[in-house]
Amino acid sequence: MSERLGFDHVTKVFEGQRGEADFVAFDDVTLQAGPSEFLAVVGPSGCGKSTLLRMAAGLVSPTAGKVLLGDQPVQEPPPGVIYLFQQYAKSLFAWRNVIDNVMFPLESAPRARRGELRRQCQDYLRQVGLAGFEEKYPWQLSGGMQQRVAIARALAANPRVLLLDEPFSAVDALTRMELQSLLLQLWERRRFTAILVTHDVEEAIFLADRVAVLSARPTALKEIIDVDLPRPRDQLATREHPRFLSLRHHITASLLGPNEKTNEHAALV
Amino acid sequence: MPRSSEPDGIGYWAGVSPAIVLCIWELAGRLGWTNPILLPNPTQIVAALAALVASGGILTPLVHTVGLFVVGFTLAAVIGTGIGIAMATSRRLYGLLEPLVEMLRPIPKPALVPVLFLFLGIGKATMIALVVLAGMFPVLISTYQGVRGLDPVLLETARTFQISRSRMIASIILPASLPMILAGMRVALGLGLVLVILAEMLAAQEGIGFRILDLERSFQIRDMFAWIVVLVLLGAAMMKVFDVAERNLVPWRGRS
Amino acid sequence: MSAVDRLNVSDRERSEPRSSREWLGGRASGVLLIVALLSLWELSSRLGWVVSAYWPPVSQILAAAFAQLMGGEILLSLAATMRRAAIGYAAASAAGIVLGIVLARSRLLRCGLLPLIEIVRPMPTPAIIPPLILFLGVDDALKIFIVALASFFPIFTTTYAGVAAVDDTLIQTARTFRTSWARTLYAVVLPAVVPAIAAGLRTATGLCIVVAVLSEMIAGSSGIGYYLIETQYAMRPDLMYAAVLYLALTGYALNRVFLAIEMRAIPWMGKS
Amino acid sequence: QAADLEKIRVSIIPIGDVAPLFAAIQNGYFRELGLEIDTTPSAGGAAGIPGLVGGSFDIAYGNVVSALLAAQQGLDVKVIAAGTNVTDPKLDATGIFVKSDGGIKSGKDLEGKSIGVNTRNNVIWLYARAWVKATGGDPERVTFKEVPFPQMEDALRQQRVDAAFMVPPFSAVAEQKGGLSKVGSPYSDIQPGVDVGQYITTGKVLAAKPEAVRKFVTGLRKGVEWYNANLTNEALLTLISGYTKADVALLKLVPVPTAPLRTDVSQVRKTMDMMIDSKLLPAPLDLDKIIDSQAL
Amino acid sequence: MSERLGFDHVTKVFEGQRGEADFVAFDDVTLQAGPSEFLAVVGPSGCGKSTLLRMAAGLVSPTAGKVLLGDQPVQEPPPGVIYLFQQYAKSLFAWRNVIDNVMFPLESAPRARRGELRRQCQDYLRQVGLAGFEEKYPWQLSGGMQQRVAIARALAANPRVLLLDEPFSAVDALTRMELQSLLLQLWERRRFTAILVTHDVEEAIFLADRVAVLSARPTALKEIIDVDLPRPRDQLATREHPRFLSLRHHITASLLGPNEKTNEHAALV
C-alpha cells in the first residue's frame, strides 16, 4: 500500500495583498518520493516546507508545474494521502474521545462493518501504545500521547502516502525519541510512502532514506543526500554511527549556507 | 468567566452578605425607616410569595413566561446558529446577508414593537418575534466569528480525510465552534429573558411580566416584589441549566 | 473555490477587501436585497397592500428623516438619550472595571460582593423599572441608574474573567524582577486585562443605548425612546421610523468608532 | 426674576385633556401667582402616580380609577382639581368601535369575543365592562385585550379584536377612514358627566407646600375658564399641537369638549361603586379623605 | 557578578487537593551551582525541574531544607536572580515594544538615569542581534527573536544567577542552535551563574559545565556528570567530539533508567 509522489517543476507564488509584492514561495522545484520511500525535507524557517506538503496533500495548488500521485495529478485531497500536523492539539477533534478520533476516517463505511472497523482501530491504538485509553478525551492525555492518537488516526485512514509536517517538534526531547522510533516501526511494517518535513537535521537523518535540503528564499532544492545507514535504526547506536555524524555535519553546513564557515561561532549567532 | 455554579473560592460564604443585606433591610422596615407600602420588608415579601405558591397562582404565569422564553430562545439559537454558519461557510450568502444583518443589528429591538404589532398582531407571535430578534444576533455573530476563527489545521485535517461538505459542517465545524456558539447563546439568554418580560408587559394577557406591570398599576407593591423574586429565581435557574448544559456539551472548553 | 474551501484559506487570503468598490463587490447582492425589501415596503404602502396609518411609504420616512435633521429636533432627542447612556455607561465602566479587578484579586471582597452581584444579574431590566420608579422617580436618576446597571454586567464579567485569565507567567516574570505589588498591578495586570475590558466595554456600548431607549419608552419625558412613543400617539409614524433609522445609524457608527479606537489604542489586542 | 418663582413639577399625558393646564402656563397665569410649572409628559401616564408617590412630581394628572386604587393600597393620594369630564354626549369622541360589516351592535353580541382596551384595571376597562353589561352582555364572558391606543385601529381592522375602546385623536381618524362604526360611548352612555381625570397630589406635598398647591389650583381654574371660552378658537388647537406634536389638521377632526372647574364627588362615588362591582375595590373608600376640599 | 546557588536537603511537597494524596515533588535533594558555573539539569517530564528553578527564584518555598544564594537563604525573589521562561510569548509584555520590554527591570531607577539606561538596553539588544528592532512589538517578531528579547531583558536586570527553564524548546532546531551559541557567548562575557533545565540531553552537554540527572518520581538526584569538553564550544565540532558522544550515551541511558537496555527499540517506544 504505497505510491510514488512527485513534484514536477513546481512553482508557487502567493499573491501580494494591498500592494505588497507577490511572494515566490517556490521556484521550479522537482523532487520525488518513490513508493515506500522515507523522504525527509529540511530547510530554514519560512522557506516553504509546509507549503510543499500542503500541495502534496491537495490543500493548495501549485501556480505552475504539477504534483503527481502515481501518474495522477493531485488537484484536491486525494484518498490515501494523509497529513500529520505538528499541532496535534489542534488537529485532534476535542469533542471526540480517542477511539472516535481514530474512527473518524472510517465513518463513511457502511454500518454493518462498524464493529469490525472499531476493532481494527483498537488494534491501531494498541500499536501506538494507547490500549486502554479508548474512552479518554484528548485533553486528558499528554502531548506525546495526543500525537500518538493522531498517528493512529492516520493509520486508520490506510495511508498510501503519509505527509509529516514537523510532527514531533512540539513534544519534549525524550518523547520525541520515542515517537521517532514508533514511527519507524510502523513504517517498516506498513511501508507507506513517507515525506517528513523538519528543522531537525538529526531527526531527518535518523528517519529517512534520503534527505532533501531546501535553500532559503528564493526557495530551491539545494541538494538531495542519500542516507546510507543500516536499518533497523536505533536511538543510541545509529546516532553514534560515524556515517551519521558525517551526514549531520554535511547537512548542517549545507543548511547554514556556502558562505559561512562551520567552525565559527559567529556564523550561528 | 465567573458563573454562579463555580463558587470562585467562596463556598459557604456565598450566603453571608445577602443575609446581612436582608437583615438590614428588614430592620430598616421594622424601625420605620422605609415606607412599608413602597418597600415591603423581606418577611412580608416572603409571606406574599408563600401565599402565591400556596394558592397555586404562581403556576400559570410561570408556565407562560417559561414557555415563551423556551420557544423564543430555541428559535433564536437555531436561527442564529444556522445563519451564522451559512454566512461563515459561503461567501455568496455572506455577501447577501451581511448588509441586512448589519442594518438590523444595531436597532434597539423595543423600537420595533409597533411594526411587530402591525404585522403579527398583539400576542404570541409578536412576543416570540421580539425574543428571537433580540437573541439571534448575538448567537449569529459569535457563531460566525467562531467558525471563521477555527484553526486551519483542524479544517485541513478533516479535508485530507475526504469528507463531504455536509459532514464537514455537521461533524467538524459545528462541534468545533460550539464553545463560541454557546458563548453567544449565553448573551442571548440574558437578553432573551429581558425581552420576554418586556414582551409580556406589552403584549400579553398573562405571564410574570404582565403580572408585575399589573400589580404596579394597582399599587400592590408587596405582590409585585414577590413576583420579582420569582423572576430572579427563574433567571438564576435558567443560567444554572445553561451552565450544566454547557459543561456537558463542551467538556473540553478551555483545555485544548 | 467551494464554500467550505473558503474556510481553509489562510488569514492573509481572507483579510477584508479595502477599497469601497471591492467592499461593494462582495456585498452587491446584499445591498440589492435591501433595496428590494425597501421597494417592497414602498409599494406595499403606496398600492395599499398593507393598510395602516402606521405603515408609511419609505420615501415619506426618508423625507421625514431629512426634515427632522433640518429641524434639529431629532438631534436634541438623540443628544438627550446619548447623554443618559453616556453617564450610565461611564458609571458602569468605572464600577465594572474596579470591581472586576478588585474582586478577582481579593478573596475577602469576592466573598462579600460576588453573591450580591450574582443575585442582581438575572434581574431583567423592564421588571425592575416599576419598583425603581417608586424610589428614583422618573427623572434622569432612574434612567441613568438602569443604563448603568445593565451596562455593568458585561464590563464586570469580562474584566473579572480577564484578570483571572492573566497568565501566571506574566506575574511571575514581574516578580522575578522584584516589581512591587502596586506596580505589578498597574504595569502588568492592568495592561494585560485591557483587551478583555475593551471587549466588555464594546458589548456595553450597544447595550447602554438600547436600555436608555427602553427606559425612556417606559418612563420617559424626553429622548429618542420617548419620541418614539410620542410620535405614535401623535400619529406620525414617518417621524417614528425616521427616529428608529437615526438610532440604528448611531448604534452602528458607535460600534465602528469603538472598533477603530480599539485597534489604535490596543495594538496588542488578541496578540499575546 | 425666575429665581423667585416656586417650581412645581407636574406629570401630564400629552393629550387634549391637559389643554387647560397648558393654556394657563402659556397665558402666564401661574407666573402671576409666583409659580413655575415644570411639565413632564409621560406617554400613557404609566409613570404619573408612581412618580408622584416616588417624589419625582408634586402633582400628577391621572385617571380616577388609578387614584382610587392607590388610595385603597394605603397611599396618601389627594385629588386637588378636576381635570376632564364628559358631559355632552355630542362632544364625547371616545367610544366602542367595531367593524361596520361585523354585525356587532351590543355587549350581548360581544360575548365570547374580545374588546381592546389600553390597559386592564383602569378607567377605560371599567367603563367598557359597564357598557357591555348595560347593553345586555356578561362582562365575564368578554375578553379584554390590552392594545395600546395607537395600535387600536389596526388591531380592529385586522380582526385581532372584535371591538375597540378608542379615544381621540385615533377614534376620529379611524372613523373618518370608514369601515368602522361606533356602537357605544361608554362614558356618556353609562354615566353622563363622569369625572375621568383629575389632578392629584400626595398628603405629604399638601402638608409641605399648601400655598403652592392652592396657587396651582387657582391658576389652573383660570386656565379652564380661558379654555372653555376658546373652544372653537384656532389658537387652542395650535396650543394642543404644540405639546402633542399632532398636526393641527388632525386635531380639527376631534370635537373639543368643555373642561370642568370642580370635581363632582357624586360622580367619583358612582365610579367607585362600579369599581366595587367589578371587584377592583373590596369596599367603599372614604372619598372625603381622598378628595381635597379645594377640588370642590 | 555571580554567586553560588545551592539546594540544601530540599524537600517539596504539594498538598493534595480535594482528598487527593499529597504529592512529593522532591525528596531531600542537595545540589549546588558554584559562582560562574553553568549547571544543567535534565530529567523526565513532570519530575519537578521547573519547581526546582521556581524555588531558586524564590517564587515558591521548599517544604523542608533551604535554598541558599551565597550564604543567604532565598525566601522571596532575591535581586539579581532572573528566571527565563520557556514561554517567551507569555513572559513578554505584549503592550510594550521591544526596548520598553527590556527597560522593564530598570524602571524603578531615578528619572535622571533613564537616558543612560536606555542606551544600555540598546546595547543589550545589539548583543542579542536585535539592533534596529527597538520599536517593534513582540508579536511582530519570530519566536526566536522574541526569546532574544527575553534574554536581553534578563541581561538588563544584571543577573548574578540566571535560571533558564527549557528556554529554547519552543523554537525550531536551527534557531535553537543559534540561541544556544548566543547564550554561551553572553555567559562567557558576563560570567553569571547559570542553571539550565532541559529535556534535551545534547543541549545540556553542549552548554554546561556539569549535568545533573534527576530520576522520575519520587524525584531524587540520580547523578552529576562533569562535562569535560573544551570551551569555547562549537555547534559542529563540539557535537562531533567523541567525549560528547560518550557523555550523550551515558546520560541518555541514565535517563531511560537502569532496567532498559539502550539498544532495544522497545525501550524507547
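The chains carry the letters A, B, C, D and E, assigned in the order they are written, with residues numbered from 1 in each.
Everything that follows uses one rule, which is that a residue touches a chain if its C-beta (ideal position, glycine included) is under 8 Å from a C-beta of that chain, and two chains touch if they have at least 3 such contacts.
Treat the numbers as computed from the prediction; the structure is a model and nothing was measured.
Novice: Among the chains here, which has the CA centroid at the largest distance from chain E's centroid?
Specialist: In terms of C-alpha centroids, the chain at the greatest distance from chain E is D.
Novice: Would you mind checking which chain's C-alpha centre is most distant from the centre of chain A?
Specialist: D
Novice: Please tell me whether C-D or B-C has the greater number of C-beta pairs in contact.
Specialist: Counting C-beta pairs in contact for C-D and B-C gives the edge to B-C.
Novice: Taking the mean of the CA coordinates per chain, how far is chain C from chain D in Å?
Specialist: Centre separation, chain C to chain D: 38 Å.
Novice: Please compute the C-alpha centroid of chain B, do the same for chain C, then give the distance between them in whole Å.
Specialist: Each chain's C-alpha centroid was found; their separation is 17 Å.
Novice: CA centre of chain A versus CA centre of chain E: separation in Å?
Specialist: Here chain A and chain E have centroids separated by 31 Å.
Novice: Can you work out the whole-Å distance between the CA centroids of chain A and chain B?
Specialist: Chain centroid spacing, chain A to chain B, equals 47 Å.
Novice: Where in chain D do residues touch two or more of the other chains?
Specialist: Within chain D, residues 46, 50, 53-54, 148, 150-151, 154 contact more than one other chain.
Novice: At which residue positions does chain E touch at least two other chains?
Specialist: Counting only residues that touch two or more other chains, chain E contributes none.
Novice: Which residues does chain B have that touch at least 2 chains other than itself?
Specialist: 38, 114, 118, 156, 159, 216, 221
Novice: Going by the contact rule set out above, which residues of chain C touch chain D in the complex?
Specialist: 51-54, 130, 133-139, 217-221, 226, 229-236, 239
Novice: In their shared complex, at which residues does chain C touch chain E?
Specialist: 167, 169-170, 172-173, 175-178, 183, 187-188, 191-192, 194, 266-268, 271-272
Novice: So in the complex, the part of chain D that touches chain B is made up of which residues?
Specialist: My answer: residues 46, 49-50, 53-54, 66, 69-70, 72-75, 119-122, 143, 145-148, 150-151, 154-155, 158, 160, 280.
Novice: Within their complex, state which residues of chain B touch chain D.
Specialist: By the definition above, chain B touches chain D via 37-38, 114, 117-118, 121-123, 202-203, 205, 214, 216-221.
Novice: Looking at the complex, which residues from chain E come into contact with chain A?
Specialist: Against chain A, the touching part of chain E is residues 44-45, 129, 142, 166, 169, 172-175, 177-178, 181-182, 184-185, 198-201, 203, 232, 234-237, 239-240, 245, 248-249, 252-253, 255-256, 262-263, 265, 268-269.
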